[in-house]
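Here subunit A shows up in two complexes: once beside subunit B, once beside subunit C.
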Partner chain A sequence: MFVKFPQGATERTDKDAAAEVLYDVVIVGAGIAGSIIAAQLSEAGKRVLILEAGPAEDLTLRGYESYLDRFYSSTSKDNQAPYPASLAAPMPRGTDTRRIAPGAPDTSAYLVQSGPLASDTTYTRVLGGTTMHWEGKTPRMLPDDFRMRTLYGEGVDWPLSYEDLAPYYAEAERVIGVSADVEDQSFLGITFDERYVYPMKGLPLSYLDRMVAKDVDGMPVELDGEQTRLRVRPFPQGRNGIPNPAYDGGNGFVPQGAVSTYQVEVGERCQGNNNCVPICPVQAKYHAGKTLTVALESGRVDLIAQAVAYRVHVDPETGRVQEIEYRRYKRPDSKAFTTVRARGRLYVLATNAVENPRLMLASGLRGSSGLMGRNFMDHAYLLTWGLLPEVAGTFRGTNCTGGISDLRGGRFRRNQAAFAVDIHNDGWGWSRGAPMTDLLDLVDNGGRYGESLRQGLVDRVSHQLLLAFMVEVPASPSNRITVDPSYTDRLGNMRPILTYAIPDYTMRGVAYARQLSKRIFARLGAEDHTDYDPNFWGYATYEGQGYEIRGGNHLAGTHMMGSDPSTSVVDADQRSWDHQNLFLVGGGSFPTVGTSNITLTIAALCRRSARAMLTQLDREQAPVQLATAGAPSHREEAGR
Partner chain B sequence: MTAPSLDDFVALSVDLTAFGETDLLGTGLGSPYLAKLRGACGDAVVTALFAAHQAARAESAGDPDGFDRALRYRIFSDDCLGPVARNVIKLWYAGTWYGLPPEWTDSYGAQSAAQTSTVTAASYQEGLLWRAIGANPPGAKAPGFGSWAEPPRIDDRYLKGARR
Partner chain C sequence: MTDPTINSRDDLIRYLDAALALEHATIPVYLTAYYSIHSTTNSDAAHIIRVTAVEEMLHLTLVANVMNAVGGSPDLTRPGFVPSYPAYLPDGEDDFTVDLRPFSPEAVETFCKIERPRKAPDPQARLMAVRPEESLLVGSPTASGIRFYSIGEFYEEIMEGLQRLAAEDPKLFSGDESRQVGPEQFYSGGGMIIEVHDLASACRALQLISEQGEGLDTGVYDAEGELAHYYRFRQLQFGRYYQKGDKADAPSGPELDIDWDEVWKVKVSPKLADYPPGSELAAAAAAFNTDYGAFLTLLTRAFNGEPDRLQDAVWWMFRLRDSVNRLIRNPLPGSDGLHAGPTFEVTGTGGALS
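So, the complex of A and B:
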């Protein structure tokens, strides 16, 4: 069923009138975190204002197709290719990444990088945020991931356990609409309620996955004295499949299709476009626009786009946030802006683990723990690639349907990082730009044309196998986001500065991953074509071996949660220790990033935090005078 | 000089791509691609390319090995025609016109449409590359739910190829 976007919702809120309203909650960011919280709070009758930095129009199929057309017509098909760039709210772009010379930060793009390791990590600043380009894997974190300090003496313990979060995982799986089967996802301590089923049945493994599984299933691995056997296992996916009739005690599940102001008939089951990143052409893949629409439908949520938060103002006496000052620009390419304020009983920063601390630090709010912006985490991706002996039909399916999850946990984590392994259905695309680079090489250097070209393409491309090892990165205070007044963007906002190095713990996992990949290729009878270029921007060496390390866009850790205000920035509800009416939400709250793609856990945490916000709003229900008596009626009219 | 004809362009393209005339015309891109080629290289070069192709055909008189040699001698090894012919192959396979190398434009002139560009949004979707590997262009022509679990639809004659 299509998701009906309320017509005019992106324009119905007048910024000047909104400035005179005291909202229950002001949310910065219309991505998945902000949208989930807005939907949940408005459902409970609360009034919400969302500020979105990116340009925004009503979500319609026609608007979505303009993303798609930009993607088709773009010569670079990177993560941001479909999305309009705004000079007023710039986005990091993978293609901007440069190798960093020691002592010379790369300031050429929006994200300033002081290294030593460069990262191509990105996020998308449009309605729906980075879920517009996300791939859509939705694994839960392992119970062990929440207790890393206790179990392995590495990293930090969460103030929450897996059991605490499990009910919210189930809620998040409903919001996103996850396709998976419990029997495939119960491993390494992950448990489900007895009668739980995912909203939709698992997506089938690809032909390529099955070819790998034929030889890899049962492969023995011994690590730190523990024996395990590998198995190719499907990933849970945030995309529509076949609804499970047993869901919700037999009530079933209705998938959310495409979003539009008018009726459309797309967005049902995944069609295998093999283009989850950077854009699912039919919206079978979840994006936060679906949840944002639910929030806006309530009539209690106002949205102001092209509104870049500039400064968080706090009361020096109480530490409470008084207002968020933002800069509203007229056109994406304009330098001109108006300064506006937004006020609420509660404030939620729901941008991401780069922009949240950027805004806090730009506001002079370093945090009493001194940890604001510190402990930046991402996943370190190591790619290995080879050619299978038989035609595997690479380049079909979703970007990734299966992989190896057996080394996500184990005793070895006292010594080295764990990882999940993706089998990429898009071949060497990520590592070497296949299949276009293969085509160019065969034609320009191979003298191929006609039949010999067609044969060459099948030989070179349809045998491709790429394993992506998603390696955990532990919290390290020196990996951090900072700001500096000498680096600002067009609106005068301080740009984020990333300082990033891969800890040895992770590099030990990387080195092990490379060795394991050689064994896997040998078992498959595959030719190993992995070759790491010393001039690559993410080239890192460990014990004499060099590796290409890529970013995962899994931004985390910069406002870590904890139970002690001196060693964390937010509490288990994602509430700031220093500012009692401020919540910093998203991956930034994670104390560990584990080996799970972060979005499902962000969604679960936000579902949980929204409850804490409702409790706090009820508790703090002191009478408040509205500045202008006319303002509330304005918004109620507009909301219909 | 008469303008280069679509018929000559398609005849050349069939030999360069190993896709049939129906396949090529079925993309709807024959005319836009010929226009792109003329805009990027100029009619004199395009006419010379078509003439070389026809001469190679005539010279080899149906012998495949002779035709291959004639194409290599007359077109692929030619400073002017070689890069253009390779670009025609890439145009059909990728839907992108790649900028000609600087040594080519130094010798034969830079035309207005010489830079790397997609021809239309449809040209990416119609790239022959995807058909050659039994896949859909990522983001278009979806093959349907679960189709990825089945073996790829690649002609049998390519399945046992000797990998290099």
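So, the complex of A and C:
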């Protein structure tokens, strides 16, 4: 079924009128976290205002197709290629990344990087947020990931257990519409309710996966005295597949297709196109626009886009948030903006683990624990690539369908980082720009054209194998987001500054991953073509060996949750310890990032937090005193 | 009332065979218009045509399920299964033919005529005499020289026949259940596939075809809230989408844009004979016809006990798309700038079931 977007919803809310409303909840950010909370709260009858920094354009089919057109016609096919760049609400872009010289931060792009290691990590500032460009993998975290300190003396324990979160994982899998089979996903302690099935049946492994599995399944690995055997296993995916008739006690599941203002039938099943990242051509891949649309259809959710949160105002006596001051720009290319305020009983910062702390720090709210912005985490990706001895059908299927999950957990985690391994169906795309680089080489250096060029390209890419090792990065207080008034964007917002280095714990996992990849390639009879360039922006050395490290856009840790206000920023409900009516939600709340892509866990946490918000709203029935004396609701300001 | 024309299981199967051909016959028409649209333009029109074509594929599969349920063997490879365009449609008028056309006002006009819901003015009028020179998409397969007032009336005849035969023959639905195509294998987005095991499910399947498509008019939206094909196309003529609650003559949804110039001007109903002998175009056109024949063979196998083969149909359709694009993006020499197109001259591919 298509998802009907209420036409005009991005324009219907007058910002000046909204400034006079006391909403139940004001949410900053219309990505998956904000959309889930808005949908859940509005369903419970609450009035919600969402502020979104990205363009105020309805989610129409044509609008989505304009993203596609931009992607198709763009020479760079990076994560942000489909999405319009806005000077008023800039986005980090992987192609901006530069090697950082010691002592000289790279300030050339929106995300200021002070190193020592540069990161190409990104997020997307449009309606739907980064789920517009995400790949759609939705693994649950392992039970061990929540108890890393207790079990392995590394990282931090969560104030929640896997069992606490499990029912919310199930809810998140419904919201996203996950395709997977329980029997494939029950490993390393991950358990499901007895009769649970995923909403849709698992998507098939690609031909390439099966070629790899032929030789890798059963491969023995011994690590820290523990024996394990590897197996190519499908990933759960936020992409539409065959609905499981046994879902929901036999009621089945209806996949959500494309978002549109009128009836269309597209996107209800994945077609196997190979550009999930940065955009699914048919919207078979979940994006948060689908959930945002449900929220807007309730009629209780107002949305003001082109609205960049500028400052969180706090009552110095009570610590409670009084209002969020935001800057609304008229056009993405204009310097002019209007300052407006938004007020609610509760406030939710639902941007991401970079923008949440950026806004708090820019508001002078460093947090009583001093941890705001600290413990930035991402996944460290190590890529290894080779050529298989036979045609393996590379470039068939979606970006990634299967991989190796057996080394996500184990006793070795007391010494070195765990990882998940992706088998990439897009060949050397990530490491070396295939197939474009192959095409250019065949034309420029091979003089090929016509039939010979077509065949030559097929011959080259169909042997390519790329293994992506997604290595966990533990919390480290020195990895952090900060702000500095000398770095601002066009609207006068302080830009985020990233300070980032890969801890040795992770590098030990990276080094082990490289060794394992050599064994896997040998077993497959693959020629190893992995070659790490010392001039690469993410080049890192460990024990004399150099590696290219890439970011995963799995932003986490910067407002970590915990049970002790002195060692965490939010509680298990993602409520700020310092500001009782403020929730900071998303990956920033994670104490550990484990070896799971973070979106499913973000969704589960937000489903859980929304309940806590409803409880709090019911509890705090007393009228809230409004600080309206004298202050005009907004004032016009010229741009600088 | 005229005499019924379905009096035995064989009669019924011949009718269902004709229904299979009818449902298929509109697909080349829609695909030609769909692929003639310049990519990234005319989004509204492209989606409307695409979804209609996809629903015709659903209808084709529904007919195959009914046929299998009564012990028939759907065959999409028999000679004459793919009509020779232009072809007449039996809608009571005889002043238009169905062509393979690029997207154009004429094409939309034809789509509306194909899909127009029409109920015969009286029961006597359901069956009409065929004029000798007509090439028919739907003639009666059992009574020679008879055609139907409309496609809707054709399906009415089948449903009445089914009911009559089911009442007489308790073993009518004795087909092998493993030959049914279910939702695991077939998915269209516009309506669910129905597995057919008895009279009720057979009628539901045929009713769905009738309601979505060329039926007897059940209103702008069908029982499942889907727009009927006729009204989908009417949106292109009104320049506006329908939304729930609209009357047929006054859609009130969002406006839609059409740019008739953003279209490859494909020669109407081209034939292989139009392409210069020995040219790459002629080879590409012939290759498409071969591929299309092979695709029909694949479907025939899927409808004859191997439903899982429909998964292969997905990448086959991508291949056919690429094959059509190779033709449509190239001008046809000596045609005043008109472009080539697929000719759909598929003679029986034969031997499919061996």
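In this section, the second predicted complex is superposed on the first by the 610 of 640 C-alpha atoms of A that agree within 3 Å, B and C clash if a C-alpha of one lies under 4 Å from a C-alpha of the other, contacts with A are read in each partner's own complex, and residues count from 1 in each chain.
In this text, contacts are C-beta pairs under 8 Å (C-beta built on N, C-alpha and C of every residue); 3 or more make two chains touch, one makes a residue touch a chain.
Keep in mind that what you see is a predicted model, and the values were worked out from it rather than measured.
Of the two partner chains placed by the overlay, subunit B and subunit C both lie in contact with A:72.
In the superposed model, A:459 makes contact with subunit B only, not with subunit C. Of the two partner chains placed by superposition, only subunit B is touched by A:394; subunit C is not. After overlaying the two complexes on the shared chain, residue contacts for A:272 are found with subunit B and with subunit C alike. By the document's definition of touching, of the two partners only subunit C reaches A:7; subunit B does not. When the two complexes are overlaid on their common chain A, residue A:61 makes contact with subunit C while staying clear of subunit B. Look at A:263: by the touch rule set out above, it reaches subunit C but stays clear of subunit B.
Of the two partners subunit B and subunit C, it is B that touches the larger number of subunit A residues. Overlap of the subunit B and subunit C contact sets on subunit A: residues 68-69, 72, 269, 271-272.
Put simply, subunit C touches subunit A in their complex at residues 40, 43-44, 47, 50-51, 54, 183-184, 187-190, 226-227, 241, 243, 253-254, 256, 314-315, 318.
Residues of subunit A touching subunit C in their complex: 7, 60-62, 65, 68-69, 72, 242-243, 257, 261-266, 268-269, 271-272. Those residues of subunit B that touch subunit A in the complex are listed here as 15-18, 71-72, 76, 85-86, 89-90, 93-94, 96, 98, 116-118, 120-122, 124-125, 129-130, 132-136, 138-140, 142-152, 154, 158-159, 161-164. Remark: subunit A residues 68-69, 71-75, 77, 203-207, 210, 241, 269-275, 279, 281-282, 387, 391-398, 401, 425-426, 435-436, 439-440, 443-444, 447, 449-451, 453-463, 527 touch subunit B in the complex.
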